[in-house]
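Okay, got some structures for you below.
You will see subunit A twice below: alongside subunit B first, and alongside subunit C after that.
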Partner chain A sequence: MGQALLKVEHLGISFKGLRALDDVNFEIPTSGIIGLIGPNGAGKTTLFNLLTGVYTPTDGAVILDGEVISGKGMGYTVLHGISRTFQNIRLFRDMTVLDNVKVAMHHKMHYNLLESLIKTRRYWAEEEQADREALELLEVFGLREKADMPASGLSYGQQRKLEIARALAASPKLLLLDEPAAGMNNTETRDLMETIAFIRQKFGIAILLIEHDMPLVMGVCERIVVLDYGRVIANGTPDEVRADPRVIGAYLGG
Partner chain B sequence: MDKAKMLQISHRRNLLALAAVFAVLYVLMLTRSISVQYQGVIILIGINVLLATSLNLTTGALGELVLGHAGFMSIGAYTAALFTLHMDLPGLVEFPLALLLGGALAAVFGVIIGIPALRLRGDYLAIVTLGFGEIIRVIIQNMSITGGGRGLYGIEEYTTFPWVFWTSAFGITIMYALIFTRHGRAILSLRENEIAAEAAGIPATRYKVLAFAVSSFFAGVAGGLYAHYITVLDPGTFGFNMSIEILVMVVLGGMGSFTGATLAAVVLTLLPELLRSMSDYRMLLYSIALVLMMILRPQGLLGKKEFSLTRAWEQLRKKAETKGGNA
Partner chain C sequence: MDFAQQLINGIQLGSIYALIAIGYTMVYGIAKMINFAHGDIIMVGSYIALMIFQNTGLPVWGVIAASALASALLGMAIERLAYKPLRGGSRMSALITTIGVSILLQNVFLLLFGSSPKPFPAAFEGEGFTLAGVPVSRLTLVTLLVTLLLMVLLTLFVGRTKLGKAMRAVSEDQGAAQLMGINIDTSISLTFAIGSALAAVAAVLYSSTYPLINPYMGSMLGLKAFIAAVIGGIGIIPGAMLGGFIIGIAEALIKGYISSALVDAIVFSLLIVVLIIKPSGLLGKNEREKV
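Moving on, here comes the complex of A and B:
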């Protein structure tokens, strides 16, 4: 584990008096895999939305590579290296698999409107580069043959993979996965665990995942942050967390 | 496998096909094989094609229901007409200028309408655009420079078949070409899933406004063509009904398909004319045709697909080859 890539400091947010998150602190090291668990309504997705700039925190800050990124909006966060997937799959269903990935490369291409109409050399160069990169990514997820199919034609497991491929296409430093194993069977889940480990190894990025599937979380994560009622009640290795009486009380026992 | 070269060939083919269609129609017109009445219909088809494809950019590609497209058209029509009425330039200079000016002013209004589109979604935005269309009509009706309710007379008849044909072809080409770029993908992704698009780094604001601006620009140009064809402008023409007629073309062609919108605009402009001999039953049959169409093919004539001359050509050739093999 290297130095901290992302620091969450005293993060808190209230919605009309409801304290959804309170004084949340944790760090994500460069290329670490961190799990985020907690009972329903503990504030996991709210935390994701704060990290990706959907919400502006009431207190505290999110710091990526030494720069405060909280409160600057979704666009800013993506461009500065945080990509995410969604709990309920959100693909561009009527676009091709390839175009789904290429949408996320938007900010890496620079040709302007006029160039796109007269199709300059830069247009072709950038489009071909994007095609190549996108196909490479699809290859990693075994989706290369499906590149020209509409995304809606993929199976459930493939759709989850495409979402991850799309998130990676933006070249993030940190990838947030919101319940990636939701709705998957055991084989698919095991496959996913391998994929997650592989992504970290291949792309050298950090991963933060929300997951209810305990074997998956315990198996793949190096550290686990446990949320309950908007507060961090435990933060440690899988073994430490498993043995923590507060976690057992709030989560496993309750 | 060289994509650029393949596309160049297909572009050349498309241009050739366009030129061929133009030449055939033009010769038929010059030799009076097409009656004067149908020459007018063909010009209206050209205008409607541009209207339908431009609406397809916002309603089909961006996915925002716009119920006031006739409003943008009327801005272009009045701007262009007033320009040629008050300028004393040769027609070949002032007509294109008038079209550009009409388009530009319509685009300005498109941006103004596009801004609430950032906050409003679906039904709410549809109602805003509907209100916009009506407000524009009422304003034009009550301004003295536009001739008010009496209308605007004495507009030069500049709009000829070549003008309509090539202006529309140019407009469609631009909008169609836009779709296959990063800008076009951004617009489509906003239709498909706005939250995911923003999470993928698409600046939603910029692309919604862009789609509205381009769409209303070409609606304005179509308005300018219309004004200089019909020569008399009556604000009543650009009411809600006309917006709906354009929308029907987009829906019938298949939301998001530019070639579909083109095809539907041709069919729906021609149909009432072909049914003219049925006199009273004409509009009834037209409506029945629409209802049947929506029952039998709810996704529209072409769905979300685009017609490609190259693809059609390949398929024809394959068919011919298999037939040849059998014989």
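Moving on, here comes the complex of A and C:
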């Protein structure tokens, strides 16, 4: 475990008087895997939206590599190293599997409109480089053979994997996974656990994982942050969290 | 022979509708709004071309290029000033704003040039060739070739380049596209620029065919092209091309064989029929409502 990559400090947000998150604090170390759990409506997705710049916090700050990134918008966060997947899959369904990944590499490609029309060397060089990187990523997820298919033609499990590949294509330092195992069967979930562990090892990035599948979270995460009613009620190792009476209370409604 | 002649007329008119329809469909696909000022961009494009013809010795291709460039800038400026501030608001406000911009453009040009129609120079005069006994004028040939060329370029641009792919990504899922680092402002500006430039090219081709231009010429032309876009499936570029040709050919055949007075009535009925049978348009997919 290295030093903190991401720091969430006193983060809070209100929507028309409704306090969705209140005084949330936690850290994500460089290349750490952190789980984010909590009952429905606890504020997990809201927290993701704050981390990715979709929302601007009412209080507090999100600090990435020592720089405050909250309130700077979605474009800023992705360019500075946070990318995400979605709870309900949001691929570009009509585009090919390859293009879905390449879209997330656009900020690394610099050719302009004119160059794309007259097909300069830079255009070809950058397109080929992007193709190569995208295909390598697809290889990791076993999707290379499907590169030219429209994304809508993939199976559900493959679509989930493609979302992760697309998020990785932006070269993030921190990857946010929003319920990646939702709708998966046991085999697919186990497969996913291995993939997540592999990604962390291969790309050396940090991962924040929202998940309801407890065996998955407990098995793969080093630390777990538990949210309930917009507040952090526990933050510790899987064993500590499992034994925490407040967590048990939140889940059992005690 | 008469049928072949009508068909060729229809293809010529259809090319023009198709170029204009692309603008409607792209703006709808990406900004999710119907830009009723698009028809008036055609009118502006015609007047700009006329001004350049009258005041410079530029050859006709230069005039088309200059008019397309000026219209593209105008389209981008309109988006930035009038539509962008309403982004994220209700769709109805955006729709009404486009009607407002349409009326504004018509009245500005009415003030500048008066209401009397102005003659447009014959840009592509001359003999073309004869196809199976039917004469095809140079203008017809140019119209068709220019349209096909622009369609091929646009298809390659949207399908192969990163800016084009970014536009498709924005049209599929704006939020996800932003989170992939795509600048949606650039994509939307570019959409307006391309749509307006194509409209200006269509304007020169149209005004060369029907050489009297006036400040209201864009309304009916725009409406027809809008119908073409809806018939083909709004938001889908090949649909706009198909719809344009269908409307153009249908009009020519109706004029030739039924009655020129009934053209508009029949074309609008065609729209109603398509909307009843296939509401998403000929190439449209059934809408998936996202929850």
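Please note the rule applied: the second predicted complex is superposed on the first by the 251 of 254 C-alpha atoms of A that agree within 3 Å, B and C clash if a C-alpha of one lies under 4 Å from a C-alpha of the other, contacts with A are read in each partner's own complex, and residues count from 1 in each chain.
The rule is simple: a contact is a pair of C-beta atoms (placed from the backbone, for glycine too) under 8 Å apart; a residue touches a chain by one contact, two chains touch by 3 or more.
Fair warning: this is a prediction, and the values are worked out from it, not measured in the lab.
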- Message: Using the superposition on subunit A, tell me whether subunit B and subunit C clash or fit.
- Response: clash
- Message: A:Met74 in the overlay: touching subunit B, subunit C, both, or neither? Say first, second, both or neither.
- Response: both
- Which holds for A:Phe86: it touches subunit B only (first), subunit C only (second), both, or neither? both
- Message: If we overlay the two complexes on their shared chain A, which of subunit B and subunit C does A:Asp94 touch? Say first, second, both or neither.
- Response: both
- Task: Determine, under the contact definition given at the top, whether A:Trp124 touches first (subunit B), second (subunit C), both, or neither.
- Result: first
- Return first, second, both or neither, reflecting whether A:Arg166 touches subunit B, subunit C, both chains, or no partner chain. both
- Contact residues of subunit A, present in both the subunit B and the subunit C interface: 52, 74-75, 78-79, 83-84, 86, 90-95, 99, 102-104, 106-107, 109, 111, 113, 116-117, 123, 127, 166, 170
- Item | Residues of subunit A defined as touching subunit B within the complex | 52, 74-75, 78-79, 83-84, 86, 90-95, 99, 102-107, 109, 111, 113, 116-117, 119, 123-124, 126-128, 130, 166-167, 169-170
- Note on the structure: Counting only contacts in the complex, subunit B reaches subunit A at residues 3-4, 7, 174, 177-178, 181-186, 188-189, 192-193, 195-203, 210, 256, 304
- Note on the structure: In their shared complex, subunit C is touched by residues of subunit A numbered 52, 54, 74-75, 78-79, 83-84, 86, 88, 90-95, 99, 102-104, 106-107, 109, 111, 113, 116-117, 123, 127, 166, 170
- Message: Applying the document's contact rule, which stretches of subunit C touch subunit A when the two form their complex?
- Response: 153, 157, 160-166, 168-169, 172-173, 175-183, 190, 290-291
